[in-house]
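I'd like to ask you about the structure that follows.
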Amino acid sequence: MNKRSHSIAFWAAVAVFLVAVLSMTQIVRNEYPFFAGYVILQFIALAVAWSILGGYAGYVNFGTNAFFGVGVYTAVALFKATGAPLVVQIAAAAVVGMTLGFGVGLLTLRMRGIFFSIATIALAIIIETFVMNWRFVGGAAGIQIQRPPVMAPFDSYVKMLFFVQAVLVVIAIAIARYVQNSRIGRGLQALRDDELAAECTGVPTLKLKLIACMISGALISAAGAPAAMYLQYADPSSAFNLSYSVSALAMALIGGTAHWIGPVLGAILLGSTQQLLAVTISSEVNVLVLGIMLVLFVVGAPKGIIGLLRPRYRLRAGGKQ
Amino acid sequence: MNTAAADAPLLQVGTLTRTFGGFTALDNISVDIRKGERFGLIGPNGSGKTTLINCISGALKPQVGSVVFCGEDITQLPPHLRARRGIARSFQIPRPFRSMTVLENLMVGLDFAAAGPAAAEEEIAMSILTRMGLASKAGAASDTLSQVELRKMELARAMAVRPKLLISDEAMAGLSSSEVDEVLDLLISLGEEDITIIMIEHIMQAVMRFSERVMCLDAGKIIALGAPGEVMANKRVQEAYLGT
Amino acid sequence: MALSLAIEALDAGYGAVKALRGVTLHVEAGETVALLGTNGNGKSTLMKCVMGLVRPDRGRLALSIDGVAHDLTKLSPEAIVDLGVALVPEGRRLFPKLTVTENLMLGAFRKMARNAIQQNLALVFDTFPVLKERRSQLAGTMSGGQQQMLAIARALMSSPRLLLIDEPSVGLSPLLVSQTIAKIGELKQRVGLTVLMAEQNFNQAIRIADRGYIIVHGEIAVAAQSVDELKANDIVKRLYLGGVA
Amino acid sequence: MFSMDLLLGAVVLGVLLGCFYAAVSVGLSVSFGLLDVPHVAHPAFLVLASYGVYQLNESYDIDPLLAGLAITPLFFVFGLLAYRVYYETFERRGSDAAVRGIAFFFGIAFIIEVLIILQFGVDQRSVSATYIGKSWRFGEFRIPIRQLVAFAVALALTVLLAVYLSKTFMGRAIRAVAQDEEALRLMGANPVRIKQFAFGIATAVLGIAGALLIIVAPVEPTLDRAYIGRTFCVVVMAGLGSISGTLIAAIILGVAESIVLTLFGASWAPAISFAMLLGVLAVRPQGLLGR
Amino acid sequence: QQPPIKIGMSMPQTGGLAGGGKASLLGIEIWRDDVNAKGGLLGRKVELVVYDDKSSASETPAIYAKLVDVDKVDLLFAPYATVPTAPIMPFVKQRGLLLMGNFSFQVNSKVGHDMWFNNAPWGPADSWAASFLDLAQKAGGKNMALLTADQEFAQNLALTARDVAKKRNIPIVFDQVYPPNTVEFSSIIRALKAAKPDIVYVASYPPDSAGILRAVNEIGIGDSVKIFGGGMVGLQFAAVMSNLGSLLNGVVNYNTWLPEKSMYFDGTKEFFDKYTKRAVEAKVDPLGYYLAPFGYAMGQMIEAAVGATKSLDQKGIAKYLRENEHKTIVGSIAFSADGERKETATLQAQFRGVKDKDIEQFRSSGRQVILFPDKLKTGELISPFEAARNLGLVAFPAQGQGGT
């Protein structure tokens, strides 16, 4: 298949997906699928966004929770101050996330490998501390939020959030796919292998890393923004929970980072398992199952799920399909 | 283009000094390199050759001095912008993009540094590989190459930048003399295409055959600069470097 | 003491790549044997086989020391090092973030060598004075040639009886090439080393070599009994003596 | 509310706290700093060790430090096993070991957490010993003895480890192994065994560190999550693999934290110490004593 | 056979709140077994549907949606604590569902749901601080130091404490918020001591409470302090209490139920007999005073309401709960309009004569003397704090097994 027909197939699939999601919100009455589905979609967006920096560029971001929390609190602050509608909250979160990504990039991207990861952990803790001391959004005590009325054509707010998160997922995937297939992807891959050699071969490493960091940050924050309306409550320890970092990373790795579909598959698998375990096993054993799954998958599928599906798939960021 | 501009040196290195801690690796180096020139750089191990080209390619910043390329002061530019302006280099100790095939390694340079239509990139890359005798390895993962193949790929990747100035840091080390000849022929043919080349090499026969001018460094200082024959005949060069 | 290395009908490779085919050669005690061949012909692979780093597909690799034969295909690299075999690998393979001294001390890791550290240290510092000057510099920041010296010195620290050297002159200045080759020759005399050396610099190699082999496409093409025989060989003429060399 | 007296006290207590941080991080300095293993389960093993100490203290009334010492062999074996699995599954296959290893060790950490919960329940646990809850007086100034104990043990631990790593053949091999395994093999050392042994040591040290942890404060099964940031920060700020750097970095963090807690708003303490880490990395990307 | 009546809830069984959650759940389960032994509700067996929310707010919305939309439970109980409860308040309000609260703090104040009933004894928001400051002022306290955890619940307490202090003109001489996961409190306690306060009000969270008390013991707190404690979460848990042992002496802290004479009501003793047996097996808090009986009481109230209205109509049940007083094993409970207790029944009690390393001692009365509220009071405050700390066992011999 050539590039163009690939593109057509991709956008057709996107259209089908969005139409399916939309009609689901109109047809299905039971709300639970939307509650659970929202969470899974949120994780898809996170994993795809994470892998733009973590997979392609090899900069392992441990601070997914920082960006997520920033998204949540941007939405909260904006909503509390101006009552801005959801779309504006998300857009604002993306802008703030992008700015934060830019800042993080400037500050930390000169650090190599694991130094970067640790710096992002530090960043998450620093930002969480700020939010804890920010009384306007409730500080450590948290804040309860009253949703505005839902907009047509949706009959429930959660269905609307579900659809919105599906759109965010599509945006994240489209961007990841674009990055992967453009020369940005090859540049990121080159700098992942050897930054000095990449520089000397003409790759603007700092710029590419900044771009990746900003895109990734913007997408993570955007995916986090609706959480404020979903929970109708925000508190720093939930919004900045380390588990967002672990999940995003684990999902991307379990799926495989060589292709944007990897994080999608990983998030669907791990996210729905988590949802399922929460309402079936429902005790400490679900954490055990999660742990064992993590271990088994990284051990048994070293190239991720996509590596299992296509055995000859090379473990390679930005590799052509 | 007026004659003054045409005659202006392609690369002007001015009073370059670089130290590591208390150790001076480059000590006040000034040299001009003409357009289209084949320039040999020799000197004992640790005399600062690699450091000099690190400063030219931007991998290192000098403490003192300037680098002027095509009339533009590039001392403060990062390496990738220098690559785009036409400076390419190979690394003495090869640094391949390990997760890529040989062909993809070249594509990076073509994608980011070289101007030209994107469509033809793959053909250009293949033609460079063919010239380097690496065509059969185009699809091989770069981490399966032998040392010498890696060196060749270093050079090929530098060529993919489509440079005005190509710097080769001991690309021929470890080659048999017939292979040295091959690579040399290649470099000379590049020279005929108006590419300026700085070659660092310890293989004297190669240096002699290749260079229009030779510069010899010792302990970070220029001890000789001139026609190959002259430099080889220089007493200090013989003592410090050739050992004859 | 008697030591000899005998390689017979050795096949080795990396998966689909067959790097060596039916290689047979031998090295006797006290000899310096040169291994010639253009790149990619399997010289390094052969050395790695001797060290146990690459497992041959078939064939025999026997090291006999004082009449005791050791089947190298069955021994781990550590055990082979313990027998007194050392390799100066291509590409130097130093520990870049350790200092020169620390690299040298690691060279003396094998039990036998630990008693002789002072003596060996004196020897290598005497041989390569620049290493003494740069004792506490990190190996990774040394110049290419300095690193090559350190790599040879590190191998010597293990008090080897059989020294395998993969292209020692790569990256050395002409002066140092002749010095290094001379040092190897000298060391051979001083400590009774047996040396198998892959080297492209033919003219330098034959200064100390007793005899040599030429590998072409993974097979021994020429086994010359003396240096003169080597010089007279057609392949050698074509590869090393023609053209500029 | 500033006074010289308070400041001085804050510094002293900070040094003691810092030494404790060093003790819980020093194993990571080996496993992560030197061996390049992304051991995010380090704090989980630490907490596991604390529970081991708790069990011995509870059922046999053994002094926690002795108990810590007693479980070191067991933890050494845990370390050997953990590394073996990691090696077989990642390093030997060589693909993306570092990144996938993170997910792997998170998995291990979760499993350890749950096993602790299943065995000990979710309530917090602590130990008793004669030196817990008492303090030494210097006039008005009092220093908790358990902190002095932690200080002394941590100091001894780091010094011993630092000497071991720089002065012995094994130690040097451990420092070299992650830089070039094949080269180390050429030195006559088996890199896998060296790594395994080093990982064993790094884990064994946790026996004692775990004792200190539960001496200093009570533990609960998910406490490890709070220590991931802290221990990795210390190790990175120190400069990867530098044992003396670990001590220095830990003390700097401890003192900074203590001064902030005493003299400024305590709620800013984590922001301040992690901002310091970022500051250090921005100026010295290789860490304080990194190479 | 009729289908069982399903009661759905999430409960923290992992994460920071798991200790409390599991004890609370055991209390609820004991009620379920009791009611089923009596033939169930409306002749139908009671079945619990419980999911783990991992102590996190982000898990509960999906869980409660599942409980309501998929499992179609008949009644909802809230999870233990504020954080996981907060996100479901708007949901139950919007759906018009009854929610029995479980020890959360002021989650309904903004939402204003009229079908919410909290089982906790907190009462009006400021009563917590008020009762502690009453005691403090009576003992001669004139100024206050406030030490609070940077955590949702502790911050809420601190907020009311500052308000009450302001109203009563008690100056706050020290006001520090410490971050979660603080390891060492020596430094903070030194600073606190330097402020020479009379009243020390501590709103801390379980891992820290022990650290704070240890540091107080080691660093000292000064003779000026008349009363110490107030809002330390954690000192109610058996594991913490037995470990701190004598360090607890003198501390005045809030509590919910204690084995004091005044605290035994109909069924209380029987409940604890069952609880004590089952706790060992379930590896939960062996004493279980703090949460478990309130879980049971929550069930009792539902039992009474369903029995009285003879239906599962949630509006009817809510109406009944709002308009009546309910006899439970933790005393009688009446709700105000916001679904919290009309009057606070939060105890303030002083630890006395506690020995080291002995869980059993806490089963006898006299170890925690109730100072507030007046109608449950079993003793007077001993002050100042240092004096109370130093009174040994001799002065307060155990008073034998309590119980009515």
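Should a chain be cited, it is by its letter among A, B, C, D and E, assigned in written order, with residues numbered from 1 in that chain.
We take it that a residue touches a chain if its C-beta (ideal position, glycine included) is under 8 Å from a C-beta of that chain, and two chains touch if they have at least 3 such contacts.
Keep in mind that this is a model prediction, so the values were computed, not measured.
Q: What chains do chain A and chain E have as common neighbours?
A: For chain A paired with chain E, the chains in contact with each are D, in label order.
Q: Which chains, if any, touch chain B and chain C both?
A: In this structure, no chain contacts chain C and also chain B.
Q: Give the label of the chain whose average Cα location is farthest from that of chain D.
A: Between chain D and the rest, the longest centre separation is with B.
Q: Per-chain Cα mean versus the mean over all protein Cα atoms: which chain has them closest together?
A: Of the chains present, the most centrally placed is D.
Q: In whole angstrom, what separates the CA-based centres of chain A and chain C?
A: Roughly 53 Å separates the two chain centres.
Q: Go ahead and note the Å separation of the Cα centroids belonging to chain A and chain D.
A: Result: the chain centres lie 31 Å from each other.
Q: How many angstrom between the C-alpha centroids of chain D and chain B?
A: 47
Q: For chain C and chain E, let me know how many angstrom lie between their CA-based centres, rounded off.
A: Centres of chain C and chain E (C-alpha means) sit 76 Å apart.
Q: Out of chain E, which residues touch more than one other chain, so two or more?
A: 13-14, 18, 150, 177, 179-180, in rising order.
Q: Which residues belonging to chain A are in contact with no fewer than two other chains?
A: Residues 129, 132-133, 284, 287, 315.
Q: Could you list the positions in chain D whose residues touch two or more of the other chains?
A: As it turns out, chain D has residues touching two or more other chains at 114, 117, 122, 265, 267, 270.
Q: If you go through all the chains, which pairs of them touch?
A: A-B, A-D, A-E, B-C, C-D, D-E
Q: Quick check on the complex: what are the chain A residues that touch chain D?
A: These residues of chain A touch chain D: 54, 58, 60, 107-108, 110-115, 118-119, 121-123, 125-126, 128-130, 132-133, 242, 246, 249-250, 253-254, 284-285, 287-288, 290-295, 297-299, 302-303, 315.
Q: Can you check the complex and tell me which residues of chain D touch chain C?
A: Per the stated touch rule, the residues are 169, 172-173, 175-176, 179-180, 182-190, 291.
Q: Note which residues of chain C are touching chain B in the complex, please.
A: Residues 14, 17, 36-40, 44, 90-91, 130, 141-146, 148-149, 167, 170-179, 200, 202, 238-245.
Q: Residues of chain D touching chain E in their complex?
A: 1, 3, 5-6, 9-10, 13-14, 17, 20, 114, 117, 120-128, 132-135, 142-147, 216-218, 220, 222-223, 226, 257-259, 261-263, 265-267, 269-270
Q: What does chain A use to touch chain B in their complex?
A: Interface residues on chain A, with respect to chain B: 183, 186-187, 189-190, 192-194, 196-206, 314-317.
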